[in-house]
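The following blocks contain the structures, represented as structure tokens.
Common to both upcoming complexes is subunit A, partnered first by subunit B, then by subunit C.
The block that comes next holds the complex of A and B.
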């Protein structure tokens, strides 16, 4: 199998999980109600745990230890989609991002569970089970707030419109797209995006929200290491203590 | 963590309302026999009031206590610490949820309790009015503040009010993991590089006095709580708790090669009691009355969180409320 292609795939999904997990964890102590505080914190733990397991697969392929990979790389070495690095904003913004992102992730891991690269397929099966709760959570809230009152509908709509081009950026094709598909390691971004469109449409159609055009230009770059300034700041904060002495045991 | 009936705002209303003497006698006899009082049981007014006050303050301590540690989640060094700290702080917020629910069984709503916190009418554990400057401060909190809280909470879990006791039992189980996590972090700092050791010692120096304050003023000057002891609302005295904490943790701190910033600290072999430099109780009073290093900040953060989340709560409660879009 093409190891470079597998590594590239693993990096982008691991980085996505780490960065969104970090953002989710910023809701700890700040949620609109205690239960949401706890829910975001719970999802954050899942995501960061998932990223750790994925970095571990990379380590098995000869990459550095997970801690070094996560805490010591520079922003332009990260392959996460820009969607995941955007600051949390208000709850509507975080909720919409969570909905758009996790719908895509649950489809992605559903396919990865059938990957020809068996370590990934095994891990994906486990992750899939966790993501089911994340999408259930997102769908419940989108339906609730997307039908509640004028303020909640307007807020959700504004966030949806703002985030949509970034969400389309999740599916930025990789340079290894064809190899991955041929070797049955990964089904490819196009297939994921198509299913994603169907699923988000199904949920959003049950609300007062209007779906932006799927043919809107996507914001790409993340998969190639091009990021907003927010990622640099996030990484500086994340590694602040670790970098005091990266060789120390903390 | 974090609290457990040790917030020490003065008890303003200890006067017992005129209660039916026969009911009161039966109530006291039940407590005497070690029975638990349940929400639908008869209870004296003062008992209800004091319990609401105590459980509510404990719940507030959990959510306010999540702030100084919570700010270190995004900076925790390495996966292991990051995951554990997230889980720990989430537990604390979960404790608040449990405790608010326990207090609600006595007739005060969660919303009312949170409003009272934000308006400064209801207190929370004093120790969270101090800042966590470094990672080592966060480790100190996870280990020793939690340890102090467990001393209190274990005592209170033997109290008389059923819902509170059951909540505390669950909380204590989770706390015992926090304690292991905190201890593990402190061991790594205290036995680590020069920078790490220095960081840990400095945190200990900063937190020792607030930690001694944590258990409240000495028994000889503290507010009279005889009836609360009799009703098993309060289960052990401030000095007893402090002494037990020192008994359990001073050897563990010293074992790590750290220096406790109190030259007079020693256990008197005859009395079995710890002797120490009396912490400055004027400072304690000042902080508890709102003039500590972080009182304003902690409440401000909570107020902002409440204000930002208001539309969500409204959308859940009153789905059809009209909303006028702001012009700008």
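The block that comes next holds the complex of A and C.
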């Protein structure tokens, strides 16, 4: 199997999970109600756990230790989509991003459960329950607020319009797209995006929200290390303690 | 009334014509839902606690992380607090079924009701079974013979099965990775050795 292609795939998925996990964890202690604070924090913890498992797979392929990879790389070495690094904004914005991102992520892992690269297939099967809850959580919230009142609907709509081109950027094709598909490691971004569109439409059509055009231009770059200025600031904060003494034991 | 998009303004209830009578505004707060969990498939469901939520579906989403984020879980359900029928709570180990009247109202149509018993103060209500009846009072009277001779039941809850939102069979995978999350349990943090070593090192520096 093409190891470079597998590494590239693992890095982009792991970086997505780590960065959105960190962003979502910024809501801890500040969620809209106690119950949601705990639920959102818990899911952020799941995501960081998933990124750890993926960095461990990379380590097995000869990459550095998970902590080094997570905390010591520079922004331009990260392969996450720009959607995941955007600052949290208000809760409607974070919730909408959670919905757009997790829908894509759960479809991605559904296909990865059949990957010819068996360590990844095993991991995908293991975490399918976590992802099921994450999408259940997102869908329930979106249906609730997307039908509630003028304020909630207008707020969600504004967030949706703003985030949509970034969400389309999740599916930025990789240079290894064809290899991954040929070797049956990964079904490819096009297929994921197709399923994502269907799933997003199914949920949004059950609300008052209007779906932006799927053909609007996507914001690409993240998968190639091009990021917004927000990622550098996020990484500085995330790795602040680790960088003081990378050899410290906990 | 002038509606503002800022809920804090609306809560002040400022009217254009302050002399008019207005209704007292309800608290800006969600209703409550009771949460029951099952730790393993062979175990009975037990009452776990309460969440605030705007709907059954939202209550379920919250309940999962409030009450099943540690140890193991194989099932969960929620029911709106007002849909639970509650008997009196007895004193001195008297079985509450001994106080149940055999007369009951016969209105309503046959539906299934779930029974939960409190056997010890300070413990949780446990699911003990279900019964078909035309209303909760009839269900309680019908259950009387079955539970009169057993261990004293201090308090019983009765819930119409159709008022309950259960986890579906296919969604039970949401608890699959719980056993891996030992870091959420206090028992995973074995600090005593470190504390001992630290105290020793403090002593030697004195």
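Methods note: the second predicted complex is superposed on the first by the 249 of 250 C-alpha atoms of A that agree within 3 Å, B and C clash if a C-alpha of one lies under 4 Å from a C-alpha of the other, contacts with A are read in each partner's own complex, and residues count from 1 in each chain.
The rule is simple: contacts are C-beta pairs under 8 Å (C-beta built on N, C-alpha and C of every residue); 3 or more make two chains touch, one makes a residue touch a chain.
Values in this document were obtained by computation on a predicted structure and should not be read as measured data.
Looking at the shared chain after the overlay, A:87 reaches neither subunit B nor subunit C. By the touch criterion stated above, A:132 is placed in contact with subunit C alone, subunit B being left untouched. Looking at the shared chain after the overlay, A:238 reaches subunit B, while subunit C stays out of its contact range.
Within the superposed three-chain arrangement, the count of touched residues of subunit A is higher for B, of the candidates subunit B and subunit C.
Legend: residue contacts after superposition of the two complexes on their common chain; A:44 is shown touching subunit B, with no touch to subunit C. Contacts of A:173 after superposition on the shared chain: neither subunit B nor subunit C is touched. Touch criterion met: A:33 reaches subunit B and subunit C at once.
Once the two complexes are overlaid on the shared chain, A:151 sits against subunit B and subunit C alike. Looking at the shared chain after the overlay, A:140 reaches subunit C, while subunit B stays out of its contact range. Contacts of A:52 after superposition on the shared chain: subunit B is touched, whereas subunit C is not. On subunit A, the patch touched by subunit B and the patch touched by subunit C overlap at residues 33-36, 38, 42, 49, 144, 150-151. In the complex of the two chains, the subunit A residues touching subunit B come out as 22, 25-26, 28-38, 41-42, 44-45, 48-49, 52, 66-67, 70-71, 90-91, 144-145, 147-152, 154-155, 237-242, 244-245, 248-250.
Subunit B contributes residues 63, 66-67, 70, 73-79, 81-83, 86-87, 89-90, 93-94, 96-97, 100, 135, 185, 188-189, 192-193, 195-196, 301, 305, 308-316, 318-323, 325 to its touches with subunit A in the complex. Across the complex, subunit C meets subunit A through its residues 5, 7, 30, 51-55, 57-58, 60-62, 64-66, 69, 171, 173-177, 181. Subunit A meets subunit C in the complex at residues 33-36, 38-39, 42-43, 46, 49, 126-130, 132-133, 136-137, 140-141, 143-144, 150-151.
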